[in-house]
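Here the chain labels run A, B and C in written order, and each chain numbers its own residues starting at 1.
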Amino acid sequence: MSKKRKLGSRIKFICLLVFAAIVLYPLIWMISSSFKEESTIFSDLGIIPGAFTLENYRIGWQSNGRVTFTTYFLNSLLVSVLSVVGNLISCSLTAFAFARLKFKGKNLFFALMMMTLMLPQHAIIVPQYVYFYKLGWLDSFIPLVLPKFLATDAFFIYLLVQFIRGIPRELDEAAIVDGCSKYSVFFRIILPLCQPALVTTTIFTFMWSWNDFFTQVIYLRTTQNYTVTLGLRMFVDPTAKSAYGAMFAMSTLSIVPILILFVFFQKQLIEGIVAGGVKG
Amino acid sequence: MKREKMFVALGVAGALMAAGFGSQVVKAEDEKVTLRVAWWGNTERDKLYYQINDLFMAEHPNVEIVTESPGWNDYWTAQSTAYASGSAADVVQFQSNQIGEYCSKGVLTPLDSYVEEGIIDLTDWNQNFVDTGRYNDNLYMVTLGMTAQTLYVNETFLNELGMELWPEEEDITWDEFYDYLNEVQAKLGDDTYAGLDIYTNNDLVWVWIRENAADGYEWLDENGEFAPTEETLASWYAFSDNLRADGAFANVEWTQEWNSKAWEEGPLVNRKILFYFANANQFKTYQNSMEDTLAIRKVPVGNDGKHGDLLITSAFGISETSENKELAAEYINFFVNNEEAQKVFNMELGVPGSMKIQEMLAPTADPSDIAATDYLNMISEEAPAFVAKAPGVWAIQDEIASTAEMVAMDILTPEQAAQHIREVANEMIAENAE
Amino acid sequence: MRKILDRYAGYVFLLPWLIGFLALTLVPMGMSFYYSFTNYNLLSAPKWIGVSNYVKMFTSDYHFMNALKVTFLYVFASVPLQLLVSLVLAFVLNKGVKGLSLFRAAYYVPSLLGGSVAISILWRQIFGMEGILNQALGLIGIESHVSWVANPDTAVWTLVLLRMWQFGSPMIIFLAAIKQVPAELMEAAAIDGATKFQQTRKIMLPMISPIILFNLVMQIISAFKVFTESYIISGGNGGVLDSLLFFTLHIYNEGFSKMRMGYASALAWVLVLIIAVLTVIVFFLSKRHVHYD
């Protein structure tokens, strides 16, 4: 490697590093603030707490003293995991139908599906709410989770359709010639090859369910059923003394599961897309 | 094959788990009666409600209380959708502002029969406080705490400027107040203002309207149309506008920014302003967040001397859909009249309606709370009778504030703004008319 | 049996979606379309008023025009900027950097937190009057007592920045797409004497153009649907002079604060129409530039 290229890559490295520092500063400031004393939080720009304290975490975790963040975390986890399972199953089935199978009305259905992609949730939230009420499912996790099992997240269908279209058709044609049913083609050929897209689906679904605010605030009412987002929201009430320290502490904890998931899956997420390609 | 099985298994497991939650929610607690109670909460306030609920459940071992306590911003969304779907809690906390919106739709139970039977005991109450729960001659709500707009003054700061505050009992008019603010401002430096702009104060505007209205026709006129005249509304906008022009109020950005802060981090506490309109039950919070001495004064009266003070109640009502109305009534009575419960609550939402409770709390109360209590008892006598807002009226208060911004930015004149508000208000009232 | 199952496989696979579409989308859509022609305050039955709601938008509701302006400004400023940043970084990261996976992770972290309540509050604090931006400016000698979120001229730009900050998500997808471009193609071009820039422009960009389109459409749609940030940062009221009044917040305020579900439904349908038209335009304009296969 020439000297010039070495220097160039070093400059690039430093630029990327500085950029990363800028990008991450707000987050790091928030995390470090969670260890600062409440009174110093907004006067201190630094990221190393002057007086290190865990008090914010202790106070924050207690929440309102009766229902704690233990409950909120378990609820969020349950909702998010079930949403992931639901989306993985229903969206992959639907995507396979759209990408590979022939049936009457396919183009119409596909167009309708794409339309739901654009439909703002606000347009249907009230009728949906009345609907779930009539089924007696308000204030449960069903309204949050059931739609995932019924493939209402068109984004992931579209993602998987695009992905499946990228898989060479010769693969399934050969399998069909070998006597495989369409079901076997789905399970044995398409699904394994879709793994990277499924990982993407998993991460995004988890993230979105974990961070969801609008639906959770509408459907969950008893404090026992609160999720982490709703627990966090309790810290910022205009009618009460704001507890930024405790809020930053719990915000910090709330991102931990997502970070773990990301660190754990990022290799598959990115490199898997290439590796899952054609191998005969 | 393995993969297919796993896939199916996952699906079944998911469906079962989802169904599990369903049954968990629907499942009846053996023999236990469930009472759902909703209030606007925050982590600190919730603790008080939980303690009171525990006291109630100790007396009623068969009762299980289920709670809903979203923060203020989310609370009304939750309630409106809950009432729309007929699934509201048994006991729901309201503010007197919304009484018209909800009572006119018949979603709340009249409480008069429970009061007659003595289940809810209001005998030794301040009757002016009780009346804030009335709509069309029926009692729908029982107050948990009463508040009203008051004028906070940083007296220490004012004295430093070499000025004296007028006496507590004295009424001053808005015109006198206007001149006073300008006098204060003349002695102040940069980035400090005599008062905080009142254009975003949704409670104060109703007081202004009442000062300029005929008794009993505050919200609707004889024809059922929006009563406040263009003149009244324009004068409201002009008051802020003129003080901004004089420099005694800050510009809109400044005000918006400081308004967004928590009370104890606000401009009053930080010596950015001296005069500030807010609810009286916050006296303790403000005073305890600052070293300067804080004083409260009456809201200025109309230029013809008319009072407009409007009691603001936070109150419990019972949903029409409740299956345990009598139990709900017992719960409300326990909450507002039980001494233990009220010791725990300790004026969290303002001054209690029961004079007995007021007396009981007095010896140990914070001096600021005592001052707030005296203040509220005083103005409940001076103010015109409480009249519940007509349905549709409450909903325009945000419009009043956002229109004020346009006045501040010289996009609208006060007269145009007033005209716009009347149009919107009449539209809302017509929509809400049965 | 197996033959029949195989013949109707399409419907079998489609079944969950079909149920979901009918029950959770189509029927509620019909209901909300009906509501849009009514007065409906949730508490009493909807009352038919014809097209009044749609007329009202253009006659007596000036928030409607403000919301449109703010939302369009936000979408058309933030989406291209965000995609540009993410595309550039995807190319830079793709060409081999020490600690690639760490950079990728670091850049992606903001997207993980996206429109969460916590980040919105953090943002409000950063750009507030006494926020860390003004304090940092103070350190380098620029005295600023402007609140960036309360000033109507700058408020929406803080949200644009918040969206740009989340460039990691499209970047990851671009990176994945770039990795899928066969190395042989690039090598072949290099042998033919193409420069790095030419390779990128002539081979890489066309190869990943479907993904660019995908990201563009997805980001436009998601930008139109932004709610939490606008709600939290403006304190729910849309900010000074409606400078943070996103269309979704206007819908929410009309529907849930003022309990005008009929009017809110009409607004929602206008939003649906806008998004639909824009998506069609994007697809149409890109037809010539996007290469499938």
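One rule holds in what follows: a contact is a pair of C-beta atoms (placed from the backbone, for glycine too) under 8 Å apart; a residue touches a chain by one contact, two chains touch by 3 or more.
Please read these numbers as outputs of a predicted model, since none were measured by experiment.
> Ranked by contacting C-beta pairs, which pair of chains comes out on top?
Going pair by pair, the biggest contact count turns up for A-C.
> Which chain lies the greatest distance away from chain C when centres are computed from Cα atoms alone?
B
> What whole-number Å value describes the gap between the mean CA coordinates of chain A and chain B?
Whole-Å distance between the two chain centres: 37.
> Quick one: chain A and chain C, Cα centre-to-centre, how many Å?
Spacing between the chain centres: roughly 15 Å.
> For chain B, what residues touch not just one other chain but two or more?
In chain B, the residues touching two or more other chains are 73, 77, 81, 84.
> Show the residues in chain C shared as contacts by 2 or more other chains, in ascending order.
Those would be 42, 235.
> List, in ascending order, every residue of chain A touching at least 2 other chains.
Counting only residues that touch two or more other chains, chain A contributes 89, 126, 130, 149, 183, 233, 236, 238.
> State the interface residues of chain B toward chain A in the complex, per the touch definition above.
Touching chain A from chain B are residues 3-4, 7, 10-11, 13-15, 17-18, 21-22, 24-26, 36, 38, 40-47, 50, 66-74, 77-78, 81-82, 84-87, 89, 262-265, 285.
> Under the touch definition given earlier, write down the residues of chain A that touch chain B in their complex.
Those residues of chain A that touch chain B are 62-66, 82, 85-86, 88-89, 126, 129-130, 133, 136-142, 145-146, 149, 183, 187-188, 191-192, 217-218, 221-224, 230, 233-243, 246.
> Per the contact definition, I'd like the list of chain A residues that touch chain C in the complex.
9, 12-13, 16, 20, 23-24, 26-27, 29-30, 42, 45, 89-90, 93-94, 96-98, 101-103, 106, 109, 112-113, 115-124, 126-128, 130-131, 147, 149-152, 155, 157-158, 162, 166, 181-183, 186, 196, 207, 211, 213-214, 229, 232-233, 236, 238, 244, 247-248, 251, 254-255, 258-259, 262-263, 266-267, 269-271, 273-274, 277
> Would you tell me which residues of chain C are touching chain B in their complex?
It is residues 39, 41-44, 56, 60, 63, 124, 128-129, 145-147, 149-152, 235-242, 253, 256-260 of chain C that touch chain B.
> If you look only at chain B, which of its residues touch chain C in the complex?
Contact set of chain B toward chain C: 73, 76-77, 80-81, 83-84, 101-102, 105, 107, 191, 252-254, 256-258, 260, 395, 398, 401-402, 405-406, 409, 411, 423-424, 427-428, 431-432, 434.
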